[in-house]
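Two complexes, one shared chain (subunit A), two partners (subunit B, subunit C).
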Partner chain A sequence: MGMVILVSILRAYILVMAAILFTYTVRHFIFSINRSVGEQKLYYQDILDSDLPYVTVIVPMHNEELVAEHSMENIANTNYPKDRLEIIPIEDHSEDATLSILEQYSEKYDNIHPYVRDTGARGKPVGMNEVMEFAHGDIIIVFDADYLPPKGIIRDIAISFLDPEVGAVMGRVIPSNVSSNLLTKLLDIERTGGYQIDQQARYNLNLVPQYGGTVGGFRRQVALDLGGFNPSIITEDTELTFKLYQQGWKVVYANRAECYEEAPETWHVRSRQVTRWARGHCQVFFKAFFGMIKSNYLKPIEKIDGILLLSIYFIPLIMLVGLFVSLALFFLGKMNLFTSVFIFILVASYSSFGNAAPFFQMGSGILLDGGHMRARLLPMLLFSFTFYLWFISKGAFLAIIDTIFKRVPEWQKTQRFRKK
Partner chain B sequence: MIGAILLDIILLIIYPSITYAISYVGKLIFSNAYTQYNIINRPFILGDVFLLDIFGKYPSQVFSIYSALVSLLVLMVVPLFRFFTKPIVLWVVIISFINFISSMFFIFFANHFPYSMLDYIDLYMKTLVSIWLLIPWVLLTAFLPLPAKFWNKLIFILLADLYGIIFGCIRYIVYIFIFREFSYIFMAPVFFMLEPFFDFVFVVAFYSVFVSNLALKLKKDDSKWGWLY
Partner chain C sequence: MAKNPKIQKEIIICLFLFFCLFSCFLLAQDTRTADNETNPLYEAQDEVLYKGPIHDFFARIDERKDYRYLLAFIFPLFLIMAVLPFLPAILELVRKKDDQPLYVNMDYSKDPRYFDHSFRDKLLANVKNVDQDRAFRVTLSKNEEVVEVCNAANVDDYKFGKNVLFLEGNADITTNMKFLKEVYVTGTTKLHENTILRGILSENDLKIAPHSTIVRWAGSEANIFVGYDCNLGVRCSCEKELWIDLDCQFKSLYGHPIFTHYDENAVLMKINEDQKDEIESEKDSFITKETNLTRIEFDESSDPLARQNIGEEEKEDELRTISDSCIVVRKGESTIPLNSKIDKDIIIKTDAFINRGTLIHGTIKCYGTLEMDDNVTVEGNIFAEKSIKIGANCRIWGDVFSQGSVYIGANTEIGSAGKDKSVIGKHKIRLCRNVKIHGYLLTEGGGKTVMSIGSIGKKEEKEDE
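Then we have the complex of A and B:
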């Protein structure tokens, strides 16, 4: 009797997992179809208006001597009107030459005002909260220290705020060091699937594009009114996204606002990065889930997409548990044809070998970008499969522990690889 | 959709012959002057699948202990090697972990192992035929958003299925060899890490070549990129 109940529970788990993965597969298939043959929603880039908003660009930095110079140079040389642009790099407890680099740029350009933090807790949310209190810009645009913003990007991002419903904007992230090694090439493919297809399709379909915390902007006063960033959440971008949606603001995606980043060049650094993303994202899940469901400003379809977006980093954990469940079924002699074929369908339909994007989504993105050689790397994402299965599961698991024991995770900086 | 249905109809007609052919090849390889194996049939979908009625080897207690120890050693040592990248380490760790569980099972519950060679071959063959039938639908779905000609898509689906059939047949022989020569202890790692997962790898590989060729072709046509933003 006990065995029958156990087997029933294990099989029920597999069925629930199937239903969840099938839902995600359908979602991502709709995204791919939308981007390939659907109607595309135009961004605001064609609006001509001399009355551009005053913008504060914030660049959080901690030991960024390898990259600080490049990002400062690029931001200072954007074509946004200088009298409407303020640049505040946050020097956050650095122990290298970051401060002296920023001081040089402060002397060279009138509108660069470094903000030095050498006391209190370190971390992007804390620094951002402090800067937002005295920044002059109505709009805050954020770049990570390793980013290389092109000339027109600040206008491209800021222009959308002429729409009074827009609370935040997200641009497209493209790795600059694609050719470094296999990892950076695979990350490039993942980014293509994530931005070119996922974000743009969600924008097209009036779903919930996500503000990603860099190459993006938001209204300063709105962020302050929402209580600023919670220092105990390590993905402040995801938190802001869902706070905005719950209060009726729109988040828009600017596919043409392309900005180059430095992708991690070692699997070790990538593992820390993706664990942090998963942990922070899942932290937000516990904080925002009921708020999304109860929000009076969101349509049912937006709520469904929001919940799917919030839950996405739990999928590898669900699959990892599914592997153990399948193992148990195998040794109990209950591994039948259904379960066996089912594993193929699960892997084929969703897991994608990557994080949060099936292979056909990445393929469609590559096609839109016209990158024919990159497409041939798709089977190499096999290497990412167990990698993400483990490290995203680890992040999700840590978030569960954080929530239960009310732990505050420590902020971790991503290592840079740029040559001096 | 027509293409996928057509391919499935053809497969439904020919799969009994294919399964008979590979079982016959297996019989030729594994039979000798002293042991002769029969080919038996089991009903499946519209016809029969043919299976080689062959036996494998149960691991000895000593072999199971050695297998468990080696798996444990690999589990502990491989993550320490810096020159293996993390994805490789994780693959090795998962395979070793499954092998460790399997070894422990044979150490403590060898008499309760629920599968015979015939059970496994039966499951393998039926899974294989199901995957042959599914490949056209998986690839059709993946190809659907791509602006390519019907015949080009059909040829790639056909090639992928053909590859699946050949690759599946080779694996059939290899698996029988492993379970006959090295025992059932490796049934679990083979099933979980090599079977359906490997089928998916070549499906993605065919898809990637198709997208790559298509991107190259479309590069010359500016009108295709009009709706980028």
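Then we have the complex of A and C:
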């Protein structure tokens, strides 16, 4: 009797997993098709307006001597009106030459005001909360220390806040060190799929584009009214995104606001980064899930997309467990799930297209970007797919443990690879 | 998707391989069928039918009980099948044909006069290299071009020329002229009727007579006057005033202000005037006279015909606040009553109609079609997910941005002198007479100056929706 119940549970798990994965497959294909042949929604970048909002640019930094100079130089030389721009790099417990670099820039440019943190807890959310209290800008725009903002990017981001419903804006991230190795090339392809297709399609379809915490901005007062950033959540960007949606604000995606970043160059650094993202994102899932469902501001389709977005880092964990469940069923000789034609179609279509759906999305993005030859690398994503299966599952698992035992995860900085 | 010749080549190779495999398969099938038909045992012994070369191969292995052949066949096949999908990726990793980061223009910044500035900068940077034939070379966009330097008085000699022209002095381009390449004029430029130009930049006024066509762009460091039935190409921009007559087509305009002037004689007079001072004085007085809009005093009364009014009568559950300065209207088709006064930003989740005399101190965001009656004032921006129709004699102080089309009624003014504001309509823009826009106008679909919004017709409106 016990064995029958166990087998039934395992079989049910496989079927539920297939259904979830099929849903994501459909979502990926809809996004790819929308970007390839659908009507594209205009972003606000074409608006020319003399009355621009006052902007504070925040750059959180911890031991960033390799990259601080470049980002400061680029931000200081943007063409946003200087009388409407304030730049606050946060020097957060650095032990290298970051502070002296920032002091040099502070002397050189009147609107750069470093904020030094050498007491209290370290981390981006804490630093951001403190700076938001005294910043003068109505709009906060954030860049990570390794980013190289182009001249017009602050205007392109800030202009969208003319729309009274926009609470946050996300720009596009492009890896600058693509040629370094296979990992950076694969990350470049992933970014292409994620921004060029996923984010833009969600913007086109009035769904739920995500604010990504860098190359983006938000309304300062709104963020303060929502209680600032929760220091116990390590993906403060995801938290802000869902808080905004629940309160009726919108997040828009600016594909034109492109900015170079430095992608991780070793698998070890990437594993730590992706584990942290998964952990933080899943933390937000537990906090925001019911809020999204109950929100009066969201249409049903936005709620569905929001839930799918919230749950996305659980999928590798679900698949990993599914792998073990299917092995168990196989050795128990109970893997005969395909008696029904419907279920066969469901599972077979996932096997045929589901695994490839994100790859299809990335391929479409590559074609839109005009980087045709890098499409040849798509099969190599099989390796990163397997890699993520483990490390994202680990992050999701840690988030579950954090939630149960109310643990506060420690902030981890991503290692830089830029040469001096 | 496959416009790239390299991709086309790869697709052709894939199709060829697929064709080869498919042919082999068909051949095997045909061999089986043909052999069966010629086999004397075919009719007598159905059970010993010849089943093709592959079956034959396995049958022989089975017969000899020697599986070394099988292993020798299967193992390499497995290896080939496993490696084959990665082959293009390995080739790319070895050959590195595409391993540079995606291009981001680090110097990009929004400039409505980009064509003009870029063209002029390139010409003026290279004009010092002029040779004995009075020509120099310059790279415009992709190709290197020859620029001929000549006296603007002799411009007629360069009709249908293949080179870019650098005209010194005031140019008077006569009727039916056609220039295949860009023209730069150091003085005032006058294009007579039916002129066709690829691109032109004039350091002084640019006057475009009726029925002329600009293929790419036209710019002026001073004013531009455009006669009726002209096509202004991709972009028409100037530092001062941009006058446009009826039936002109455009995609992007920039001027201080852009002014749709349908008094044919007045525009022609401007085009034919030679005395710049006179032009300035007359033009200023005309604009002031025509567009002197007075502020209306509003009284708060509601329209009894309104299906759902935004204001005090709104049901509480249909109004939600996302900030202290903003109200959200969620249900039904919304109408703002006559002579209303609203002091907040409004977000309307449906179609909306704003009755005449309304004054809104704030920005409007509408998820449906937004229609404004005559004499409406908005002291903020207007955003709509569908079309925006602005009535006559309206005053908008901010930007107008639509994911659909924008229709602007007669005597309406957008923006204010000394500031840049924008009118953006994704699908199309229609401007009636005496519309004044301070700044920038852009549409992907195409813009046109028309007599009235009503003349567009319901079919066209339906297409927008």
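Going forward, the second predicted complex is superposed on the first by the 398 of 420 C-alpha atoms of A that agree within 3 Å, B and C clash if a C-alpha of one lies under 4 Å from a C-alpha of the other, contacts with A are read in each partner's own complex, and residues count from 1 in each chain.
One rule holds in what follows: a contact is a pair of C-beta atoms (placed from the backbone, for glycine too) under 8 Å apart; a residue touches a chain by one contact, two chains touch by 3 or more.
Quick caveat: nothing in here was measured; it's all calculated off a predicted structure.
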Touch test for A:323: subunit B only (first), subunit C only (second), both, or neither? first
Touching A:333 in the superposition: subunit B (first), subunit C (second), both, neither? first
For A:109, decide between first (touching subunit B), second (touching subunit C), both and neither. neither
With both complexes superposed on chain A, which partner does A:51 reach: first (subunit B), second (subunit C), both or neither? second
Tell me which partner A:360 touches in the superposition: subunit B (first), subunit C (second), both or neither. first
Is A:162 touching the first partner subunit B, the second partner subunit C, both, or neither of them? second
Applying the touch criterion given at the start, work out whether A:22 contacts subunit B, subunit C, both or neither, answering first, second, both or neither. neither
For A:43 in the superposed arrangement: first (subunit B), second (subunit C), both or neither? first
Have a look at where A:390 lands relative to subunit B and subunit C in the superposition and call it first, second, both or neither. first
Once the two structures are fitted together, what part of subunit A is touched by subunit B and by subunit C alike? 36, 42, 45, 367, 371-373, 376-379
Residues of subunit A that touch subunit C when the two form their complex: 36, 41-42, 44-51, 74, 79, 148, 150-152, 155-156, 162-165, 174-179, 182, 185, 188, 192, 206, 222, 225, 247-249, 258-260, 296-297, 367, 369, 371-374, 376-380
Help me check something: in the complex, which residues belonging to subunit C touch subunit A? 1, 4, 6-7, 85-86, 88-89, 91-93, 96-102, 104-110, 112, 254, 320, 322-323, 325-326, 328, 345, 347, 362-363, 365, 381, 383, 385, 398-399, 401, 403, 418-422, 424, 426, 439-440, 442, 444
Applying the document's contact rule, which stretches of subunit A touch subunit B when the two form their complex? 29, 32-33, 35-37, 40, 42-43, 45, 255-256, 267-268, 271, 323, 326-327, 330-333, 335-337, 340-341, 343-345, 347-349, 353, 359-360, 363-364, 366-368, 370-373, 375-379, 381-387, 389-390
Name, in rising order, each residue of subunit B that touches subunit A in their complex. 85-88, 90-91, 94, 98, 101-102, 105, 114-115, 123, 126-127, 130-131, 134, 138, 141-142, 144-147, 188, 191-192, 195-197, 199-205, 207-209, 211-216, 218-219, 225, 227-229
